[in-house]
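Heads up, the thing below is written out as structure tokens.
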Amino acid sequence: MTDTPETKPFEPTIIGFTCNWCSYRAADMAGTARMKYAPNVRLIRLMCSGRLDPTFVLKAFAGGADAVLISGCHPGDCHYINQNYKALRRFLLMKRVLAQMGIQPERLKLLWASAAEGAIFTREINEFVEQVRALGPLNWNTTAIEVHAEKEEVPA
Amino acid sequence: MSKPKFAMYWAASCGGCEIAVLNIHEKILDVDAAFEVVFWPVAMDAKYKDVEAMQDGEITLCLFNGGMRNDENEHIAKLLRRKSKIMVAFGSCACEGCIPGLANFRPIKELVDTAFSTISTDNPENIRPQTSYSMPEGAITIPTLNPMLKTLDQVVDVDYYMPGCPPESHQIAAVVDLVIAALNGKAELPPKGATIGAGNSTVCDECQRKRNVKLIKEFGRIQFTEADPELCLLEQGIPCNGIATRSGCNARCPSVGAQCIGCYGPAEGVVDYGARLIAGFASVIDSDDPVEIDKILDGLVDPAGQFYRFNLAGSLLRASKSAQKG
Amino acid sequence: MDKKEKIGVYVCHCGTNIAGVVNVGEVSTWAAENLKNDGVVIARDYKFMCSSLGQELIQKDIKEQGLTRVVVAACSPHLHEATFRNACKGGGLNPYLCELVSIREQDSWVHTDKIAATEKAKAILSGGVSRVIHHEPLEPLHVPIHPATLVVGGGIAGIQAALEIANAGFPVYLVEREPSIGGHMAQFDKTFPTLDCSACILTPKMVDAGNHPNITLLTYSEVEKVDGYVGNFVATIRKRARSVNEADCTGCGICWEKCPKKVVDNVFEAGMGYRKAVYVSFPQAVPKYPVIDRENCTYYIKGTCKACEKFCPTNAINFAQEDEILNVQVGNIILATGYDLFDSRRITQYGYGRLANVFTSLEFERMSNAAGPTGGNIVLRDGKTVPKVVGIVHCVGSRDKNYNEYCSAICCMQSLKFAHLVEERTGAEVYNFYIDIRTPGKGYEEFYHRLLEEGTHFIRGKVAEISDAARLPAEEGKLIMQVEDTLTANQLRVPVDMVILSAGLEPRHDAKEVANRFGISCSADGWLIERHPKLDPVATVTEGIYIAGCVQGPKDIPNSVAQGAAAAARILGKIQQKEVALEPIRATIHEEQCSGCRICNNMCPFNAILFHEDKMVSEVNPALCQGCGTCVAACPAGAISGTGFSNEQILSQINGLLLLNIPKKEVVA
Amino acid sequence: MKEYAYFPGCSLEKMASSYHKSSIETAKKLGIKLKELEDWNCCGATTYFYIDELLAYTLCARNLAIAEKTGLDVVAPCSACYKNMYFTAAHLKKDVDLAEHINFALEEDDLHFNGTVGVKHLIEVFANDIGPEELKNKVTNPLEGIRVAPYYGCQIVRPQKDKEDVEQPMFFEEMISAIGATPVNYPLKMRCCGGSLIISSRTAALGMVRNLLQSAVDAQATVVATACPMCQVNLEVYQQQVNQEFGTNFAVPIMYFTQLIGLSLEIPQKKLGIGQEFIAMAPALRQVIKG
Amino acid sequence: MTDTITFNQEISNLLYAAEGEPIKTCIQCGTCSGTCPVAPYMDHSPRQIIAMINQGMKEQVLESNTFWYCASCYHCTVRCPQDINITELMYALKRYSIWKGQHQEGLIGPTFSEAFVKMIVRGGRSFEPVLAPSYIFSFGMRELVLEVVGATELLLKGRLPIMPARIKRLDNFKRMIGRIIPMGGLE
């Protein structure tokens, strides 16, 4: 099902949501420590993994992302006491819905990373990128989304 | 001077919308008084060529119901769009796909197979309809199915949306009044793109049931639950879509003890209806333990079906992967 | 959006930090061409955007080009968001209309492939541009600060904090669980490295705290509940019944003299000594009023005795006294609840509790204390024999995955102190068994050298086991400490008379409940989490709640005092401002859209969401809201919006990030 | 009556036949049926892990698979067998690839390991399934005044399986008290006897035996009780050599806990395999036992 | 990522099935060596061996008798503050040294183990007398005498088997082992 030319391997695009306190700082830490990871992940900073609206995930997939990463503080370490558990509940329900929509649940990853875990963050991202590369492109049919192209002009 | 022209058309839909319109009782006379009905296949005989013959924008008000299932639907949608000043996506099918939109879960081939080769179908040679068939008299053609069902606004530009499966008659009546008043310069039409004939909040807003903070340890199906008639259904573990479904129906279902199934679609400004339900239902789960949470979630049989029953075609994802591949 | 925004884009080289990997020139020209439709009117790249010149560049463009939005692609927002917001402010643009996206920490520093990194930079930038369009001008929130402060925990950290604030002229409530303030420090004999007597330096502070007009001392009390938010907390405090009327009591001491009931003192004397059923924790206790311990008092058990009452010259004894519940209003709170000592029984192979002459550090502190159970004589359990050889075990329960993984920080110095005291008082030979000697503190290393000169033996090796299994005549009747001297790789069996276990520090057994009660969080270890491990060590993520001393992690006295003072300073600053400015990242519920379904009601751990039964709608209290956005994501009606992180902002950012993919995908489709 | 798949292990066939006999007899008397595992093979001992871990796992897996057929949990009287089989089961349950590989091998013998079987040491069964209370009630001839040194050895408690006390367990003592004898508290009850070294590193092993016996003697033990053939043989058969080596004169009877329990239940000595030992039963003990 | 795999990695790989933390996390506290009942007889204490492995001192490690002297009593393992599975490490070293055929001269351990394993592979069960030759010759005269005395006494007490033990389905058993390592791998 690969639509990308054989010449270069498929490079997945991954949208990552990080919380302001732990995982985003973990990413910062990976940077400050000059750790290296695959350039396929593009991060969006939220204040807390609890802010993660399922709409964001659907939007990312519909918009052409091959996978989505959700990351927050370790359970018990949430800077808002326990909001990451709420993210966990949504995550588990979302996986089920995505599966029914034909999006392999492996394309949605939940990662707990503390501000000190730049190394873990790096490793996990690399693993995830490999995992998604193995799954191949998602190619969500976005033609339908550029609807306005097809639309007829309304009379003045 | 001649009366403003009125049209109503059904694409992929069940006809319930037409009945709902007739259900406005004597108000239908006002419609007749105020409008000249030029095109309404269910109610009167009319030919496409009559419409084609009209001036662009000649029809003042077009209530279009049904989704875009085949090329004929799309053709007429585009035609009526051209001929109409006000194009209203009328009813859940036109607005968000509705039940016909559920087809977007499966590849179109499977659907056809189900339709033409299930035990209930007498089709020994296992024939499939051809889009065109030549006979001595000439070729007969029938419309080609789209791989995915689309909503009206995915094909043409829509002025107003009127949700509901079908829209509540009292809402239709209200809208009719409004349009008539507007035509006589006695009222302002709402801004283009607005949802009319419905509220901005959700069903809970109109629901009379008592409600507290919701902490669910188990989801149950309504047919297996002895529900408290006074208390919020979701609070009792019954997956009621009322929390996310647009108000306007006076909480018809919950008020008679049935869970809301979401025919009025998302509330004002919501991007994806299902996402709201995912968030809402996940939020009432009373557990932090992944294993237990999964156990609780097992109580929601077919979550996608539950969340996108009326909204799949209008949702962000629009159709399952297999349906997209056709 | 009806009116088109004018967006300025600034790509930073950060010297070679970014430009070394990302082709910044290409990025800015790309933005200028491809993001026109989003409203980008100007795109520049510059060596150091954070420099004053870089900032002026932005301000100039705001003025001359009439920019309405600014996007800076540089380092992490955690580093320079404030800088560029202020730059915009200086340029006359609302600071919140600026967006800083990170192409350093998240791009140039973590990638090597220049092309990929440059592409990623474009994506990140376009994400920022799409996002900034939906930014709204915001103003920080201001809430008034109540001048009073609640200090929980009357150890040295709490006392220090209380005094600092009280001396500055503001009221303080100092709450202590035990009958007297003083904490662990009051139990110690000497303090390292200077060896001055603990009581001599602590008692004056305790007395000051006790007499201070601005300090309300609430001992034998506990905080049960905290409501409200920074500037306006209301704390519910249970003042347990002392069975003594403080107004009448003179602390003369006759009651505990006459009390016939002896009780083993497991708290202050660490089980080494006794107290009466009516008692003060120790002679210098503050306040001086005793308490009757109802579990052990004969009257409460049998209904007779009342000796204390009979003899009390001022009739201060009041058996009928009941717990009091007080509600105090405060603007800020300091948690200084301290630590518990690691229970050495858990390490069975060290034999504590089984082998009589194995002591814990706290037991030894009491033993070496002149006011302690042995009058300061260092003797074996029999109470008379003076040890000739003493072994001190470091890292007991610390640096050990089987117990606590962290280093307890104070054990090395404490052990050195013990070694010195033992040699000084008994002339015994002392063996220190250590893994590493850690003496990071003023005068600490010098103290270590002093011990080396005094001839203390240092054996580098974690003690494997302590037994009474004599193998050689020389081992008869001794405790044998089996250990590898890792420096010579010999397995040693060291016979000693006394073993001191330098037990580590643990979070209070109820640390988690306390944390929850005050709405802050614990680390996996159980220590309370500070706002920033380096740059904000005494604040917590909950505005107005601070931590000081061992509650935040193992600490010695100087550091605890420093933190107490630091927390006080932070609070004084707040009080002086009269009001506090809060980041305007808040959730708002739109009443007309809220259906009152109450889904959001259990989403907020800060109780910021209240439900109005009358109007059947929920509402967010902006001062309580911490801005996590969980309720925003949860609302099924989409009736809650979150400033700074609105749906529009995030969704458009997603679009922006994926901008480069769309063509690729269209080919596919 | 509770039933177990009983895995005697090689040494119980001959070297420790008295352990075999006494186990069967006492268990029966206490209402526990030990059904010998059909066509069992060597557990691989510790030695086997020296050569090939995979092979060692396979050997244990075969026994476990045979047991699974019977639907009974395995009980082993030998600590080494017990430890090997327990951890093999644990590892195979965790490591699916390993399990797959080994099941492939097991096919040759029409066997398959599913991970349903539990593994217990005989002394666990006595301590938990019967328990000191019930044992006490069944005892007809309490061994009053006999000072017994409980020797746990290594692999019953170590490596740690769950959160159990690996430094100072007490279940052995409780059992000894239950049969009316006095458990002596001696510091080396958990210390290794060097059994696995007796061949390969004789001097080291003898030194360890010496320390152990010394410690027991210092605590005035009349007899040392073991729960492992390796330990028993090591401590008993090599006492002579220890005496030679270190000029000591130990003559400490080393008995299986099952033999002591058997005596307290008045099972005839013959049935308990008494008479095969190197060091004659302590006179003190002779006096208290009837028959 | 270096192409040449270090000694540490080699050993770590052999520990694949073992629980516990990687040996590189050792803090050299000496608990293992302090605990070890055999340590006094070892060339290097367990702690030293770990240090040596981490230093890549392959030759010296293989030359050491340490791991052959490990009685696998697991005492170090349960006490290690870093959760390193030291006993399994010793097993790994034994396997490695046999695999490489590289070990200290005059050790009985290696030969004995191989003899033992061959025996099991042949018979499926242990049969003590078979083992004697694998070590007896390395004994001094006095030990030899004692050993014989001990053995005869065992025999008299009916505690030594005369006939080697065999399992019934020996063929299956051998084929089973064949699937793990090609037969003759040890023969």
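Letters A, B, C, D and E name the chains as they come in the text, with residue numbers starting at 1 for each one.
We take it that a residue touches a chain if its C-beta (ideal position, glycine included) is under 8 Å from a C-beta of that chain, and two chains touch if they have at least 3 such contacts.
No experiment lies behind these values; they were computed from the predicted model shown.
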item: For chain E, the least number of touch steps when starting out from chain C; value: 1
item: Each chain counted as touching chain A and chain C at once; value: B
item: Farthest-lying chain, centroid of Cα atoms versus that of chain E; value: B
item: Comparison of D-E and B-C (more C-beta pairs in contact); value: D-E
item: Computed distance of Cα centres, chain D from chain C, in Å; value: 51
item: Centroid spacing, where centroids are CA-atom means, of chain B and chain D in whole angstrom; value: 74
item: Distance from chain D to chain A - Cα centre to Cα centre, in angstrom; value: 55
item: Overlap residues in chain E, where contacts from two or more other chains coincide; value: 40
item: Residues of chain D engaged with two or more neighbouring chains; value: 167, 211
item: Multi-partner residues of chain B (each touching 2 or more other chains); value: 271, 276, 279, 282-283
item: All chain pairs that touch each other; value: A-B, A-C, B-C, C-D, C-E, D-E
item: Residue ranges of chain E in contact with chain D within the complex; value: 14, 17, 37-38, 40-41, 65, 68-69, 71-75, 77-78, 85, 87, 91, 94-95, 98, 107-110, 112-114, 116-117, 120, 124-128, 131, 135, 139, 142-143, 146, 149-150, 153-154, 157-161, 165, 167-169, 172-173, 175-181, 186
item: Parts of chain B lying in touch with chain C, wherever the complex brings them together; value: 200-205, 207, 211-215, 232, 234, 242-244, 247, 266-271, 276-277, 279-280, 282-284
item: Chain B-touching residues of chain A, taken from the complex the two chains share; value: 53-55, 57-59, 61-62, 75, 82, 85-86, 88-90, 92-94, 96-97, 100-103, 138, 140-141, 144-145, 147, 150-152, 154-155
item: Residues of chain E that touch chain C when the two form their complex; value: 21, 27-36, 39-40, 44-45, 47-48, 79-83
item: Residues on chain C engaged by chain D in the complex (per definition of touch); value: 348-349, 354, 467-471
